Each structure stands twice: as C-alpha cells, then as structure tokens.
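These notes are about the structure you will find just below.
As written, the chains take the letters A, B, C and D, and residue 1 is the first residue of each chain.
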Amino acid sequence: MTGFTARDPDYEAKLRASFSRMRVMELIGARLARIEPGLVEIELPFREDLMQQHGFFHAGMSSTIADTAGGYASFTLNPGDTSVLTVEFKLNLLAPADGERLVAAGRVIKPGRTLTICDLEVTAYKDGQPKLVAKGLQTMMCVKDRPDILAAG
Amino acid sequence: MTGFTARDPDYEAKLRASFSRMRVMELIGARLARIEPGLVEIELPFREDLMQQHGFFHAGMSSTIADTAGGYASFTLNPGDTSVLTVEFKLNLLAPADGERLVAAGRVIKPGRTLTICDLEVTAYKDGQPKLVAKGLQTMMCVKDRPDILAAG
Amino acid sequence: MTGFTARDPDYEAKLRASFSRMRVMELIGARLARIEPGLVEIELPFREDLMQQHGFFHAGMSSTIADTAGGYASFTLNPGDTSVLTVEFKLNLLAPADGERLVAAGRVIKPGRTLTICDLEVTAYKDGQPKLVAKGLQTMMCVKDRPDILAAG
Amino acid sequence: MTGFTARDPDYEAKLRASFSRMRVMELIGARLARIEPGLVEIELPFREDLMQQHGFFHAGMSSTIADTAGGYASFTLNPGDTSVLTVEFKLNLLAPADGERLVAAGRVIKPGRTLTICDLEVTAYKDGQPKLVAKGLQTMMCVKDRPDILAAG
C-alpha cells in the first residue's frame, strides 16, 4: 500500500478508459498491470519490433512506459475533471533492457495541487528474474477543466 | 556545419546500417533526415497510432527519436569499432507535440573519449510551421570493441 | 537582445533588491553581471574557499549561481507581485571549473504563466579565455501573491 | 546496512582526508555525518548566511551537499588510487528547505567500473521533525591513476 488516498472515487475507471484511448499503447502492446492511489505499473512484453539491433528493448520503449506510468500515478491523486501533463522527466539507464518483459512503475513522491513529482523505475524480467534497468524522476502538472488525461503528451 | 570532424571515414554508412537494424524505428515509421559530424536528425511523420488520446504525439515517441538522434550524433564522432550507449537523458516537454511530423535533432555539445554530452531538441511541424516542443540533455558512453551501436538500448 | 519583453517595468530594481537580500550570494562573493528580459548572468570570482581540493570551483558553486541565474531570468518575465521558485534543475558538468572566475547564464527558453523553462550555462574564464564548463536545464514556477522572489530556495 | 562492500579497506580514512581538503565545506559549515559502503550523509546546520531572503536554505546549498554526498558514496566503492568526478546530476526541490539543519544522503543505486549512479535525498529538520525537501539522481565517473577525489568538481 502506498499510503495515499484517491480524491476521485472513480479514478480507476477513468484511468482505464484514458489508457484505452492512448493509441500508442496498443501499437507497442503495453498494458496496465497495477493501479493504486499514487502507484501505477505498466507492462510491456517482448516483441521483436520493439528492439534495437542487439535484441534489447529500445530505451525509447522504457521511456514510453515509464513516462506513462508516472503520469497515471499522478492522475490517481488528482481531483475529478482534471488532466495531467508531463513537464519533464529524466531517466538513467542502468543496464540493457534484456528479457521477456519490462515493467515500469511510477510512484508519487510528492503530490501537489499544481505539480506532482514521481519516482520512475523500469524492471526487466529475464527467465523470470527481475533486474532494475532504469531509474528516473518526473514532474507532472495538473490541468484543470479538462476532462481527461494529457499524460505523456 | 557543426565544426566537428568524423574520425571514422565510413561513419555515415555504418550509421545507416545500424539504424536499419533498429526494428523499433520501422515500427513507428521514423527515418534519418540529416547526418553530419556531431549532428543527427530523425523525422517521425504523423500516424494515428503514435498518438495519445488527444491527437498529439505521445511523449514516448518524442523521447524515442530524441534519444536515438543524440545517440547517433555521438556515434558520428567516435572511432570505428566502437559502440555507444545511453547513460541518461532528461527532456523538458515545452508544448503539445501537435502536427504532421516531428523532427528530433541531437547535437554534440562536448565530445569525449569515454563520455559525450548532447543537446536534444524536438520540433513539431504543423501546417509547415516549426515549433520547439521538447528540449533535453543526454549523456552517451563510448564502448570499445563492439562493432555496432548500442544506442538507446 | 533576447526577444523577450518584461511585463513589470520595475523588474530590474526588484531583481537587484531581491538579490541583495540573498545572503548566500554575499557569503560566496557572487554578483549580478547582466540583466535583460529573459536573461540573467551571475559572476563568481575565484576565492580559495570556494574550491574543492584540486583548486577547481566546487560543482556546488556552479550549481548555486546557475540555479540563481535561471531563477532571476524567469523572474524578469513575470508580472509584478509574483515570486519564482525552482521546481527542478539538471546540470551536466563538462570540464573542471578552473579559472579566475565563473559566469553563469540563465536564459528563458519557454516562458509560461505557471512554469518557465530555462537553459543554464556556466563558463569558466582562465587567463581571460572562456570555456563552457556546465550546461543545464531548469524548471521554474511562478507563485502569485508573494511580493518577492523565492528563487533557488 | 547498504549491502555493498568497500574494495579499499582504507576508504573511510581517505574519504575523511579528502573532505577535510574541500575548502568550500568549511566555508559553509558542512560536516560528514555518516559513512558506509555505498552511503554517505553530509549535514549542514542553519546559518543566516546560507539562506535566501525568506530564511530558507538556498537551493545551491542543498545541491552542494547532495552532490558531495553522492560523490563520496561512489568513492566508497571504488578501488584505491582512483578519483571520482560528477558527470551530471538532477534535483527536484519538493519543499522549502526550512529548519535548523539539512542532511543530504547519497546512496549508490548501481555501482560500476566506470560509472556509478546514485540516489540523492535532502532532508530538512525543523524542531527535530524530518521532511524530505529534495530528491535527485546523479552520475559519477571513476577516474584512474589520480590519488584523490575530484568529486563535485
């Protein structure tokens, strides 16, 4: 448990609806793996066409799911009828993203009315064994009077 | 002109061969738009399935082409028989990535034997008008005795 | 010239008054070197007690003047009766900060009502010759109804 | 305990000797508070002349001790006769640094022969109560054949 409480009781349904409209998630085959107040995980199974030429996941794929996980983690704590957008993020790539799937976790470190700061982690599972392959920090902004997420946009 | 000189006379052919093996570039439809010593640009035309739900390019797509452009910009200045890998990058998203195409430019600020630092910029073209939509910094590492790029991996 | 226009005609006087109350600037001997809409430079002359053990300026000193320069660059474009505070910054250290003085320049890349993004550069002058020793990006927030700068706080 | 083992049995004595030569630490009144393999904490007691104009520690002071803590955390895991230097760091400022003292913790996330990645945290103590005021990530480089730390230089 994260210790945070959602302000919008419908946050999970809204989040899932938003995710389903994010076309690029379908293109790469990413799916929501965990949703809690202040914590979202997104999973990306191995596919040949997500790789760079050495058979590792392209860092852009780690970035795509990490940014989205943090964006939605922030979204879970915002009031209804607000959107989130990414102000900036930074990612350190710690090891080749090698394995049968990646899991990106976005965790809120510091929620705020306007800005929310998230910790980002990407873990690669190879033969079922987890390895931390990227670590990051992200600043999200809450935008009022827009009914949906702008996350990662 | 960038003021830099390539150390490997075959750098452009190697770069193009490397890019063509980066499967994820084909998936999203990205192409090399400019290659000079210390400067690489990658173009990404609009496609519905690269978007988030508001019809803007997903920030992960900006990240994917920006990281790759910087990686290859670093690659152009390295000796032959070396690879590059991304240590870290940071991206500020300045405006929605709205338009008919994105162009990511990676420019070497400080080349080095081990580490090379690049400036990253992503420009969106809408009705032909350019707008800076993301700005970043990236640290690349040169890895010896590997015959190909690990960029963005 | 920066191409920006100040919204508060008294911005320079307010900025100088704010800087003079920032006690740590006096401690380290930093001074305002240039003030224009969207651009502020801060100079830090060599002093033995600003160094690490090799006789180079400590990176914390580069950070201190770079963060402050960017904060005030943002301040020049804000309305009167607002403050600025640093949300985050990232700095790449490109070379040892060796010389008789450092100059940090903060330049607004993207002004905004709530958030302003700045480019940061630190140049070392050795025997009068400039060398870029650090490059960064910074996110500043404008806070209403506070009559003074919170920059770099 | 951090789970790391030092490779140089004299690491603590070398670290303390290096710190004592870092003149700027004396200027601002910072002191080593904790040294373990992969973890270093630096404490900075309140002093009027470390403040910005609102009575909070200047963000440059948080940066100075955070960068140094991470640099020395990396140093504890390196072989003897090597130095460390900061490649880059990023800091998110989460709350005003208000209190009677700051403690910066640098923790190694990923050690490496050439590069080491650290997590940075700055905690402010006010009336004895801790509050996380800054969170960061840092990339350190190990430099061979130099007998002392270049950290934060």
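To be clear about the criterion, contacts are C-beta pairs under 8 Å (C-beta built on N, C-alpha and C of every residue); 3 or more make two chains touch, one makes a residue touch a chain.
Small disclaimer: the values here were computed from a predicted structure and weren't measured.
Using the contact definition stated above, find the chains touching both chain A and chain D.
Chains in contact with chain A as well as chain D: B, C.
Would you kindly state whether over half or under half of the residue numbers at the chain B/chain C interface are used by both copies, giving same or different?
Homomeric contact, same residues on both sides for the most part.
Rounded to the nearest whole Å, what is the centre-to-centre distance of chain B and chain D, using the mean of the C-alpha atoms as each centre?
A distance of 33 Å separates the two centres.
Suppose each chain is reduced to the average of its Cα coordinates; what separation in Å results between chain B and chain C?
The mean C-alpha positions of chain B and chain C differ by 29 Å.
Hey, how far is the Cα centre of chain C from the one of chain D, in Å?
22
Specify, in ascending order, the residues of chain C that touch 2 or more different other chains.
Where chain C meets two or more other chains at a single residue, that happens at 87-88, 90, 92, 117, 137, 139.
How about chain B: which of its residues touch chain A in the complex?
Touch residues, chain B against chain A: 18, 21-24, 26-28, 48-54, 56-61, 63-65, 67-68, 85-93, 96-97, 148-153.
So in the complex, which bits of chain A are touching chain C?
Against chain C, the touching part of chain A is residues 87-88, 90, 114-115, 117, 137, 139, 141.
Would you pull the chain C residues touching chain B in the complex into a rising list?
So the residues of chain C touching chain B come out as 90, 92, 94-95, 109-110, 117, 119, 132, 135-137, 139.
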